[in-house]
Each structure stands twice: as C-alpha cells, then as structure tokens.
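The following pair of complexes shares a single chain, chain A, combined with chain B in the former and chain C in the latter.
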Partner chain A sequence: MGSSHSMSEEIQELAEKTGFTSEQIEHLHRRFKQLSGDQPTIRKEHFDNIPDLEFNPIRSKIVHAFFDKRNLRQESDGLADEINFEDFLTIMSYFRPIEMNMNEEQLDHFRKEKLKFLFHMYDSDHDGKITLQEYRNVVEELLSGNPHLEKESARSIADGAMMEAASICVGQMEPDQVYEGITFEDFLKMWQGIDIETKMHVRFLNMETIAQCH
Partner chain B sequence: MEAWGAAATAALSVWLALVLGLILLPSVIGVSLGISELYMTVLVKTLEWATRRIEKGVKKQQARMLKDSASNGIIQRVDTTMEKEIASLHRADFELSDIFYFCRKGFEAIVEDEVTQRFSSEELVSWNLLTRTNVNFQYISLRLTIVWVIGVLVRYCLLLPLRLTLATIGIHSMIVGTTLVGCLPNGSIKDWLSELVHLTCSRILVRALSGTIHYHNKENKPQKGGICVANHTSPIDVIILTNDGCYAMVGQAHGGLMGVIQRATVKACPHVWFERSEVKDRHLVMKRLKEHVADKNKLPILIFPEGTCINNTSVMMFKKGSFEIGGTIYPVAIKYDPQFGDAFWNSSKYNAVSYLLRLMTSWAIVCNVWYLPPMVREEGEDAVQFANRVKSAIALQGGLTELPWDGGLKRAKVKETFKEEQQKNYSKMIVGNGSSGNLSSGTEPD
Partner chain C sequence: MERQNLEAGWLLGSFWSLLLGALVVSTLKGPQQLLALDLGSENASWEPEEVPGNESSEHTFFSLDYQHVQVPFEITLWIMLASLAKIGFHLYNKLPSVVPESCLLIFVGLIMGGIIYGLNDKSPPVMDSDVFFLYLLPPIVLDAGYFMPSRPFFENIGTILLYAVVGTIVNVVGIGFSLYGICQVKAFHLQDISLLHNLLFGSLIAAVDPVAVLSVFEEIHVNEKLHILVFGESLLNDAVTVVLYKLLRSFCEMSTIKTVDVFAGIGKFFVVAIGGVLVGLIFGMTAAFTTRFTKNIRVIEPLFVFLYSYLSYLTAEMFHLSGIVAIIACAMGMKRYVEANISLKSHTTVKYFMKMWSSVSDTLIFIFLGVSTIGDNHEWNWAYICFTIVFCLLWRALGVLVLTFFVNRLHVNTVTSKDQFIIAYGGLRGAICFSLVFLLPDFPRKKLFIAATTVIILFTVFVQGMTIRPLVELLDVKRKRESAPTVGEQIHMRFLDHLLAGIEDICGHWGQYYWKDKFEYFNSKYLQKFLLREYSQPKSSIVLLYEKLERKHAIELVEAGQLIHTPSHASLLDSRKSAGMVKIVDGLNSDVLENIQKILARNLYKIRRTVPAYNRHTLPGETGTEEQAKEILILRHRSLRLQMNKSDLAHSGKEKDDSYSGHDDSSSKYKLCRSLTVRDPEKEPCVKYNRSKSACIILPLQAACAERVKKEETEKNTPSEMPWFPINDS
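And then the complex of A and B:
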C-alpha cells in the first residue's frame, strides 16, 4: 500500500467510520487482497478458497451475511453481487470487541448492532420476522451432518425452541392465536440479561505500522 | 583471434582442473576440504553486519515490531472447544445462541486461516541481501547497497556458473555411473559400487548447491528393510538425505531428464518407480512396497507422507498409506535455515527451471537433519493414529508447528467427509441432551 498521501486519508476516513485502528485496516486490506486475488471487489466464490470456513456448518449463512444489503447499511434490500473493501470493513466491524471507554449509550447501540446482525442471519427472506420455517432452516443446517438424526427430530427441536421464544415474547397465548414470527424487538427481549458482547467478537492483536512494499 | 582462443581454452582447463581437484575428488572419498566452511563463515559475518546496519537505520521500535509480525497471526484466537463454549451458554437444549460459536469461528477463518499461510515462503525477520526476500526493507545506506551489488555479482557471475558446472557433472556421472554398474552381475560388489556411485553423485550435487548439512543422532540412521519418512519441503530433500546414506527411492516414473535418471539408477539399485497408471491402484502400490520391505537385504525406502511441498514452518497431515505397509519406521526431521536461501518450491508460482535458478543463486542451502529413534505400530493403534504419532515426533524435533490439515489443500478443496465433522459433533451434543428432554415426536415440551 505504501505511504502516499491520499491512501492515509482514506484510511483515516475508514478508521472513523468503522472504528478500527489504521494498523488493523492495513492488515485487513492485505487479507482482502489475498481473498479477492488482487481485485478491487470480492464475490461469493472468493470465500470458497478458505479451507477453515468449509468446516463451518453455517458457512453459507456467514458468506450470505457479507452480501446482505441490510448489513451493509444500504437503504435498499436484497443481496449485493460483490463488495468492495469498505463494505468488507463494515461487516467486520460488527465483530469488533468492546472498548474500555464506551459509555452506556454507546454500549447499548453496539449491542443492538451485533444482535441485528445475528437477526439478519436468521431472517433469510428479509421480511423483518423470524418465522418457524426460517428457524427450522437454521437448526437443520447446524444438525445436517449427522446421518442418524432424522428430519423429524430436527424439526421438533426447532419447534420446541420456537415455543419457548413465543412464551418469552408474548406470554401465554390464546388457543387460536397464531404466532407469526420473532420480530426484532422480541429478539432483543430474548437476549436481555445475557452477555453476548464477549461471545461475538474477534480480538485483534495490537500491531504497529509495518511498511510494506510489493 | 588465435590468442583469444588459446587463452580461453587455457582458462577453461585451469577452471576444470580446479573443480576436479578441489571438489570432485574429495566427493569421491567423502572428505571435506573446508572451502565451504570458510565461505559460510564469511557469509555469516557479512549478513550479521548487514543486519546491524539495518537495525541502526530503522528505528529500534520498528525492528522489534518486525520480529512480532514474523510470527503468524493478526488475531488472537480463543482456543475453547465447541463443547465447552456451547455448554457455557446453555439454558436449555437448543439455543439461538449456539450460532455464536460458529459465527465467530467463521469470521476468524475469513480474517486469517492457518492453511494458505503454509503454501507461501516463510518471511524473514531481517533481510539477507537477496532481492526476493525484500518484503519490508527500504533503502538504508550507501554501504549496504554496495554490499548488495557485490552480492549480486558474486552470486550470478561467480557462484552460478560454478554451480551449474557441478550440477551438470553430477547428473552426468550419476547416469553414466549407474548404467555402468547396472551392467555388472548381481552381487555384493555391485551393491558396494552402486553405493559409491550414489553417494559420490549426491555429494557433488550438494556441493553444487553450496549445501551445508548438519546431521544429528547418526546412530538412528535408517537400517535395511525399514521405511524412512521425512517432512517434505522441496525436491532437493532427496539429495540432502542421500548425501549421508543410501535409500531406495519411491516415486512416479517421469519423462524427460528425470526419466533418464530414473531408468539408469534402477539398474544399479532397486528403486521403486511406478508408472502413472499403477499409481492409481493402491493395492498394487502396497504390494510392491510390502515386498520390498520384507526383503531384509534391500535398502530402506524413502517416503514423504505429506505428499506435497510445504514451506518448512509446519508439518501437515501424514497420509496413512505409508504407515500401513508394516515394518519399522525411521522418522527424519529436516529443517532448512531460511537465512541463507529458501528451499521451498511453490509450484503454483514457479516452474521447475525458475525454481532451480533461484536455488542456484541463493547464498547457500543450510539445513539440519535429525534422525529420530525408530518407531513401530503399537497394538490397537490404527494407521492414522500411528501417522499422527510419527508426525508429532518429527514436528517436535524440527521445531515446526503441527497442523492437522491435508497438504492436498494446496490444489484441491476440502473433502466432503471432513466438512460434516463439525455438524456431526454439534448434533451429537444437541440430540444427546435432547433425548433426555423433549425429543418425542410431535408433542409439545414442558
């Protein structure tokens, strides 16, 4: 990347927008270039080159999350075809660890952002609700590797969890009341009191500037 | 014109005489004249001086940071297993929160993965005056640049022709020597001569690379009828090992120059070369190797179980095939010193000729070879566990990291069976918990 003037301005802008330090941004930029094969944008296929990711049962949802326009803070809906480095950083910023100097409001906002990211992962049809079907999809994906587990069992696990969610959100339901799905407010309610901030972050090592030349 | 011709011939003959006297003859006898030792001492002193200059030129702080960056990682991974992590989150059987663990692991993998790092050359902490390793270093001072220029001249104009001459002589004598020996009738004289020819040619080739090899624990050297396994970094691993002993090599039959060498050497010594079609047939391969090992008079087989070249910072998965043959395994750990020259062959980046050129214009190839005590498969241990045991021993001795990954990932994708592992484990956890709870089909829980 070198140390040309315009580069460092861009890095500063990105640092302010996403909250990473400029050293972390340079490292992520190197990784971005490695993933994209030196191109300015990444497509879904580029994530296929990571062997570690292949083992993950929800890899398709994770890759999906990178291209989800809601996560990219764009007004429109749906999926982007390719993302540039700024979008990459935006997604990565959801996994930033908590900083010591955050106040109550910032912490709350931070937590909401992370939970929203998770919500979008479950809500695959982008309608703002996690329906029973979507829930079932996630459970099946997580459990799909086990050949001894029948589909029925996976479904009943999902159904059971959904019932519990409903009981938290809506309380006792009338016999003919249909629970449509978990909205984002209900989702937040479920996580009250549980400390998710420490579970949902990637800790970056503190690295000083390293001059690079290619 | 005449004068030029005569002068050139004279120079050439002096050159050849020197090469013969100082390098070839000692190779035959197996004696070292100490020239390469002298060269190495001078080289080490020069590089130390260069490092000091660089450290003075760059701020002290940055130099320390360079050292940290050479260690592989920009994120700190939390090494809890899936079981612990999910258990700590659990209130009931399946939770929305279970997704956290996989989500985070996925992100960590995207930011940095352990495998692709191993297929590019190791980064050096300080520059060794070769342009190719100049990743982080900028212009420091005039003196350093002059030394670098001298280095380039020495390497390309003095060392390269010398090394090429030696390499050509070495390969020719190997082909001619083994063909001649192959004409003799089978017997102890033939074996002795074949050993002599192989050793001499290996020594010439090692000198052709300015190789300095330190052998440790020679008492554990592989015996006849055994199998020698080692970690694989480059094609010259073979030369490094045959410099100190004779092995029966195993490999695929190639065409071209390699094929000529293979056909010549197999006449003198029972190497095991497979045709391309035979390689696919695992049982045939196994059978031939078992036969070879069973004959206690035959030389030990040399196998590289990783199957591909790794960059010498880690040891990847050992394929279990070599460990199913039976017999005694003699593990050998090879560790190259990257300061003097990078031996790793990145076959996707460099083809064979440019690789050899790089090798011959490096300063030297310095490596350590450790012979480890022999191992046998224990009762109740299957081939995979045995392979892992041997791999750990080699990694420990050589100071390499141990990775469970398959070297084949360099070219291929992850096998489907492995992908399912995590899901199987996770579902076992859930269903295991669930069977005590609410897994009766259809009825509501609680």
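And then the complex of A and C:
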C-alpha cells in the first residue's frame, strides 16, 4: 500500500475531503479491507457477507445507495459497479455527527447533504422526483418484515402519506393541477420539523471491528 | 360571564362550608385522626375521648355515630376538598396560566392548616410518611411511567442517567460539605451538627422531585428533549436517593465507619437500581402474559394493569430496592403488549383511571404539604436555612454545567445553554424530601432540618415554579412542536431507523440503532409470540398511526352528520373473517344494515394512541362521538378498499403508473374528483388531485374513498349518490 509517508499524506487528503479525523479514517480503512477481503474495491456481492444486514428490510436500498453515482458526487448518473475506499468514505461522510464549531451556513449545508442522500434513496429511478409508485415501494419494503400485513394496506398507507406530502408542499391546488411527485424542495419542507442533523449520524469515534464477515 | 362567576361563588362557598363542617365534626368527635402525628411527644395526639352516652337503651329516632365511619369519612372529605379546590382554580381561566397549580394547592393547604391550628390550638395533622410512600406516590409514578414516550427516553438515556446518578451524587456531597462548612462558623450556633448529619440532610434535599417537576413542566410545554431530560432525571434519581439516604442513616447509627462500608454502599447502589428494574420487568411481563387470557372477562382487564404495577412497587420496597424504578420499568415493559391484548374500552379505562388517581394523589400531596407546614415542629435558624437555599441552587447549577460539558463532548445530542439553564432552574424539590425528613431518627436538630426542608420546598415550588414560565418565554426556549402526527413522518422515522441500523452493521459498529434493531428482532421472534394473544396481526406503528388518522377522519364525518347512526353491534365485534362483499346502495335499507353487520364481523379494529400524553388534566384525544359509528365507518373504508383492489386486479393489465398523474387504472383509485356525480372513468383521463375550497388535510382520504366507491358504482352501472360522504363543492 505504499510507504508510510504517502499513506499519511493520503490520509490527510482524505481527511480534508471528507471531514473525518485520521483516526476514524484508519478505523474505516480496516473495516473496508475486511469487507472487501483485502481487495482495493468493493462490489455489491461483498455486502452480502454482512450477516446482520440480511434482516434489514431496506437492505437493497442501502446497498444501492453505496453505488449510486449521485451520492458519490460524480458527474454522471447511474450505478457504479464497484467503489474504492475514497468512495466508501464519501458515503460514510454523510453520517458524520455535527460538530460544535459549525456555523449556521455549514449546518444548513450539512443538513441539505444528508437530506439529499435520503432523497436519492427514495428516488430509485433517478429522475429527481419521488413518485407515488416509488413511495409505495418504500413503504412496502419497510413493512415487508411483517408477513401478515396485506399489500393493499401498505399501498394505502403510502397513498395517504403522499397526499399529506402534497398538502404540505403545494397547499391549495387548482382544479386541474396535477401532482407529479415530491421534488427535493418539497422533501426539504417535509423534513423541516425533524432535526435530522442530530438524528442521522453514526458515532464513528468508538467503533470496533467486532463483527466479522465470512 | 356573570353567571359563571355566580356559580363559581356558590361552588367555593359550598367548598368552604364543607371544609369547616369537616373540621367541626373532627374536633367534636376528636379521636384518632387518620393522618397520624409523626413527631412523637412533640405534639400530643388527639386524646381519645369517651363517646358520651350513646349507649342508652332508649330507641332514638335520630342518632349520630361518627366513630363508625370516621376513617373513610375523613379520607373522602379530604379528597373532596382537594378536588373542589381544583375546580375552583380552573374556573378562573387566568389563574392557572400565571400561578402553577401546585402553588395554589399548597396555598389552600396553608389556609386549611392555619384554620385547624387556630381552631384547635394544636398542630394540624402531618402527612404520614407511610401514607405518602405507599398510597400517594405510586399512582403518580405509574402515570408517569406508563405515558413516558419511550423513543426520546431511550435516545437520551445516557444523558438522563448521567444527570440522575452522577448529578445527584455531586449535589449530595456538595451540599453536605458546604453546609458543614457553614456549621463551623461559630457565629451561627450550629456546631453541634456533624458532618454526617449534614450529608444526611444533603441526601434528602438534593434529589429533584418528580411530582413537582411534572406538575410545573406540563404547563409550560417545552420541547420534548428538554422535558424528557428533566423528567427522566427526576424519576431515576430515586435509586440514588434511596441508597444514599439509607446508607447515611445507617452510618449515623454506627459508631465507626470503615471504607469497606463505603464500598458496600456503592455496591448497594447497583443492587438497588438493577434489582428495581428486574422486579419491574418481571411484573410487567407477567402482566402482559396475564392479559393474554382475559378475552372473556374484559371487565377486569384494567385491574390487572394496576395490580401488577402496584405489586411491583411494593415488592421493590419490601426488598429495599427502588420502588419508583421498579414501577417505571413495569409500566414501560408491559405497555406494548398489554395494549395489544386488551380491548379498546379497557384501554380507555386504564388511561382514565390512571390520570384520575395520579391527579388525586398529586392534589392531596400538595395540600398536605401546605397543611403540615403550619405547626410547632419547626426550629428557625436564619443562617442555615438561607445557606441551604443558596447551596441548593448553586450546586444544582454547577452540577448541570459540568455534566453538560461532558455530555456535549461525547455525544451529539447537544444540550444548549438555554436548555441547561432550564434544567438547572427546573430542579424542584417536593414531597419526597418532606416525607424523608420526617423519617429521620430523632436527634436534637431534627426540627431545624424540617424547617429547612419546608422552606426549600416552598421556595422551589413558589418562586421557581412561578417564574419558570416567564423565563421560558423570555429566553425563547424551543417549545414543543404542536403539529399533528403525520403518517409520512412515521414512515420517515422508521426508514431512518433501518438505514442507520444498516449503516452501523456495515461499519461493524455496535451502536444505538444496532441494539434497537436487535431488540426489535428478539421482540418479534420470541416476546410477541409469548405475550400477545393474537400473534397473527402485530401492527407496526406506521399502520397504527394510519388507522388512527383514518378513525379521526371518520369521527369528523360522523360529526358532520353524514353517517346515520346504527345500533350497537358490539356483540358482533369478534375476530372472525367473513367474506362479505359490500353492496353499495343508497339509503338505509335492510341490505345496508346486513352488510354493515358483515363488516363488523371482521377483525376488531384496534387503535392505539401513539402520541405521548403529558397533561394531567386531559386525556389524549377522545371525542364524544359514538364508538360503534366510528368502527363501522373504518371497517367500511377497509372493505371498500379491499373491494376496490379486487376490481383493480381485473384491470391490472392497464397499469403503467409512473407518475402520480396517471392516466390509468391503478392510480384511478386515487382520482380525487371533486363532485360526486357519477362520471365515466374513461372520459376522465387525468388524475385530478382536487381540492375544494373548504378542504384541508383531513378530507382527502374520505374523498379518495368516495372516489373508489364511485368507481365501483360506475362499473356496476348503478347511478346512485353516496349519502355518506360530504359533497365537495365544485
């Protein structure tokens, strides 16, 4: 992996780009190596090895999010086949906790970044809008852990939620107006009441690579 | 307004006469008051008088035998007094907003105590510590634990525990040592109070009281996190208080103290805390298990909730564990399962009774606090008392400041400085301190401690209680978000939970979401099978909230008078699926009734409130309309929807839904047309997400249902109108 000098340089670079400390980057690097089996890149199949992830109902969306080029801040669209460590860190940086010394603007930017990540997860066809079908898909997946729930219930729940969203975002509508889908601005409005910057984080400080993949 | 004032005047007049009547009666017939005097020889107990000559053999037409009913009579009178006082306060709308209720109640108690003292020239009855701990405190704590919002509680559990445990210890030690320092000053004549006594006093005065905190904070509506921090701390510090108080008291009686005793104390803390939680959980699980079998005797279901909780409290007290922690663990543990098992009516009963009992207890506690203040059992020492107040405030502020500094460094749930101020300022002392001070062993300076405790309690409740609301407004502390719960929000929160759990799995990090996920998994696999009666339908919170909202819409419909009330079909509300298809005809002919019966024969609709209820005075969202009507409507919705889907499947070939503005059948389900006249769906290619001028969020679901109904209608070519749903004007 190169001499230690360039390693720390790399780490510095990454630290600046993603905002992690060098300690955290080393932790994550170790984890990355574990996941990828010591290879430089990770593919989708590698995520299958994580045992606990199997029970997660939105598993496929999470894995998908890692390979989504929009999240990786690349110009193009679509899905990448494999990601390297830097991409891994980029995705992880969406889950950084907020720091005490952030000012208003930074906080706002931070919040928007996180919400954008979430938005991309909802919007699976990458068209910039969350349509009814996509929303239904999300709700069905969420409730899929419950085998006795009828599919219609999940659908009607999604529909009800969509209507609520429309009412929040657009308010009064004209008779012939058609509601296409939730755009990112609308999405922001929906999340206004919830302070996502304190909720959407993982505490990277005290990570131990206890869980092993086989 | 004048009428109201007149009525209020009558009410208060009768209230005072009741009061005086009670006192006259009690003085006439003197003996054994229920509220025993706890100070031994200081105040002479009421002398048991010989009942004069009612033993005559003559037949009297009218005789008085007060002895017979004395005890229950007096209890009832006191409770009546407390409740009438409450009515009195709420009649004057302005009063509760300025002065918190606890202050008013103490004031009433003071007046009563003064009257009794004046009339009898003896000290009025003092609240017995046993009565307080065994009868008055448990209902309040049960209410608090049962309605505790578990999500914010567990999110902030680290901070809460830190404040409760470390904060209390810091306060105790700080106050004890500072007062000891004061005692050393020769001018104050306090040198006979030893360090141990000071520490003992510190241990009982340092703990924040849940009763006082609850009664003050529920009126000021601060944001959820702040509320849960103060409140959780006040509940959990009981474990520490119990240990320290008992430990120091036993130290007072021992001649020498070895270090091993101190370590025993620390070990005792863990025993008390963990033991309390275990006892609570055992009783909670047993309660949940018991309610699994109560299907045929619904009437006594609420009783089990109360019995088991009370048992857990008493068992914990029996073993000298923390009763408060036990009852909270019991309530929180059993809530989920019990609510799924018991019927809707039992659930309402449980809620109402809990609120009622805790309200009564709360009121009685404050009134007795006031009454007990008047009397001979005080010794005044300016220095000690003033410094106690100062040190209490100081050490509380210091403790909060230092601990928050650590919390903010380690965690991300930052506690802002405004919040810190409110936490420090909201450290109210209450009746627990008061009862503990009466339990102290007799020693020369006990009266001074009683006086100091009384002053502290009065100071915190009056001064801090009254000023906290203007301060909250002045500092612009973030208030509770008064928004209706939305299904979308639930979905998002759930999504976030799973997302974070997934990310933690990927990182290999055993964090908060990981454990939560694991618990949910364990819950669904094992616990629910064991503790829930009908495991076939565990409902997620999203589904529950959705159903609740639908029910709310139905209530509004009913209130709009559109639904004709049908007779009660309660007996049919059994969980048996029937295959009835609903034929929609207009009017209320027998067909409709029959179909309604079929709908009702389906699964019982269980709706549980997911919004936390802090308020002492009102119950969360019960309106007055007929329950059956609501249930009918909801089930009808459901059946209609099912029916819609069945007919939809027939058209599924045409599905091409990409956007919400579909031209096709799948989204024609949601053709929210404004008028309810029959129209051919084919002629209406685009979805109109329409709203009338009068609509708001509430109506869409019904409109959607109306549309589905209408579509079904058109398919069946029966051109009738729906009398059930309100006509939206075009």
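Going forward, the second predicted complex is superposed on the first by the 199 of 214 C-alpha atoms of A that agree within 3 Å, B and C clash if a C-alpha of one lies under 4 Å from a C-alpha of the other, contacts with A are read in each partner's own complex, and residues count from 1 in each chain.
Keep this in mind: contacts are C-beta pairs under 8 Å (C-beta built on N, C-alpha and C of every residue); 3 or more make two chains touch, one makes a residue touch a chain.
Computed from a predicted structure; not experimentally measured.
**Student:** Here chain A is shared; do chain B and chain C fit on it together or clash?
**Tutor:** Pair status: clash.
**Student:** Is A:Ile194 touching the first partner chain B, the second partner chain C, both, or neither of them?
**Tutor:** Once the two structures are laid over each other on A, A:Ile194 reaches both partners.
**Student:** A:Gly181 in the overlay: touching chain B, chain C, both, or neither? Say first, second, both or neither.
**Tutor:** Touch status of A:Gly181: second partner only.
**Student:** State whether A:Phe95 touches chain B only (first), chain C only (second), both chains, or neither.
**Tutor:** both
**Student:** Should A:Arg59 be classified as contacting the first partner (chain B), the second (chain C), both, or neither?
**Tutor:** both
**Student:** Could you say whether A:Leu132 touches chain B, chain C, both of them, or neither, answering first, second, both or neither?
**Tutor:** second
**Student:** Examine A:Ala166 and indicate which partner it touches, taking first as chain B and second as chain C; both and neither are also allowed.
**Tutor:** second
**Student:** Based on the superposed arrangement, let me know which partner A:Asn49 touches: chain B (first), chain C (second), both, or neither?
**Tutor:** Once the two structures are laid over each other on A, A:Asn49 reaches chain B alone.
**Student:** Which parts of chain A are in contact with chain B and also with chain C?
**Tutor:** Correct list for chain A: 28, 31, 34-35, 47, 50, 52-53, 55-59, 62, 92, 95, 118, 121, 138-139, 142-143, 145-146, 149, 152-153, 156-161, 163-165, 190, 194, 196, 199-204, 207-211.
**Student:** Once bound in the complex, which stretches of chain A touch chain C?
**Tutor:** 28, 31, 34-35, 47, 50, 52-53, 55-59, 62, 92, 95, 97-98, 100, 118, 121, 129, 131-133, 138-139, 142-143, 145-146, 148-149, 152-153, 156-167, 172-173, 175-181, 190-191, 193-194, 196, 198-204, 206-211
**Student:** Residues of chain B touching chain A in their complex?
**Tutor:** Going by the criterion above, the answer is residues 61-62, 65-66, 68-69, 73-76, 78, 89, 92-116, 134-136, 138, 405, 409, 413-414, 418-424, 426-428, 430-431, 434, 438-442, 444-446.
**Student:** Which chain C residues qualify as touching chain A in the complex?
**Tutor:** 408, 412-414, 481, 483, 486-489, 491-496, 498-511, 514, 517, 521, 524, 536-538, 540, 542-543, 546, 549-550, 641-642, 645, 657-662, 667, 669-670, 674, 686-691, 696-697, 700-701, 704, 730
**Student:** Under the definition above, what is the set of chain A residues touching chain B in their complex?
**Tutor:** 24, 27-28, 31, 34-35, 47-59, 62, 92, 95, 118, 121-122, 138-139, 142-146, 149, 152-153, 156-161, 163-165, 190, 194, 196, 199-205, 207-213
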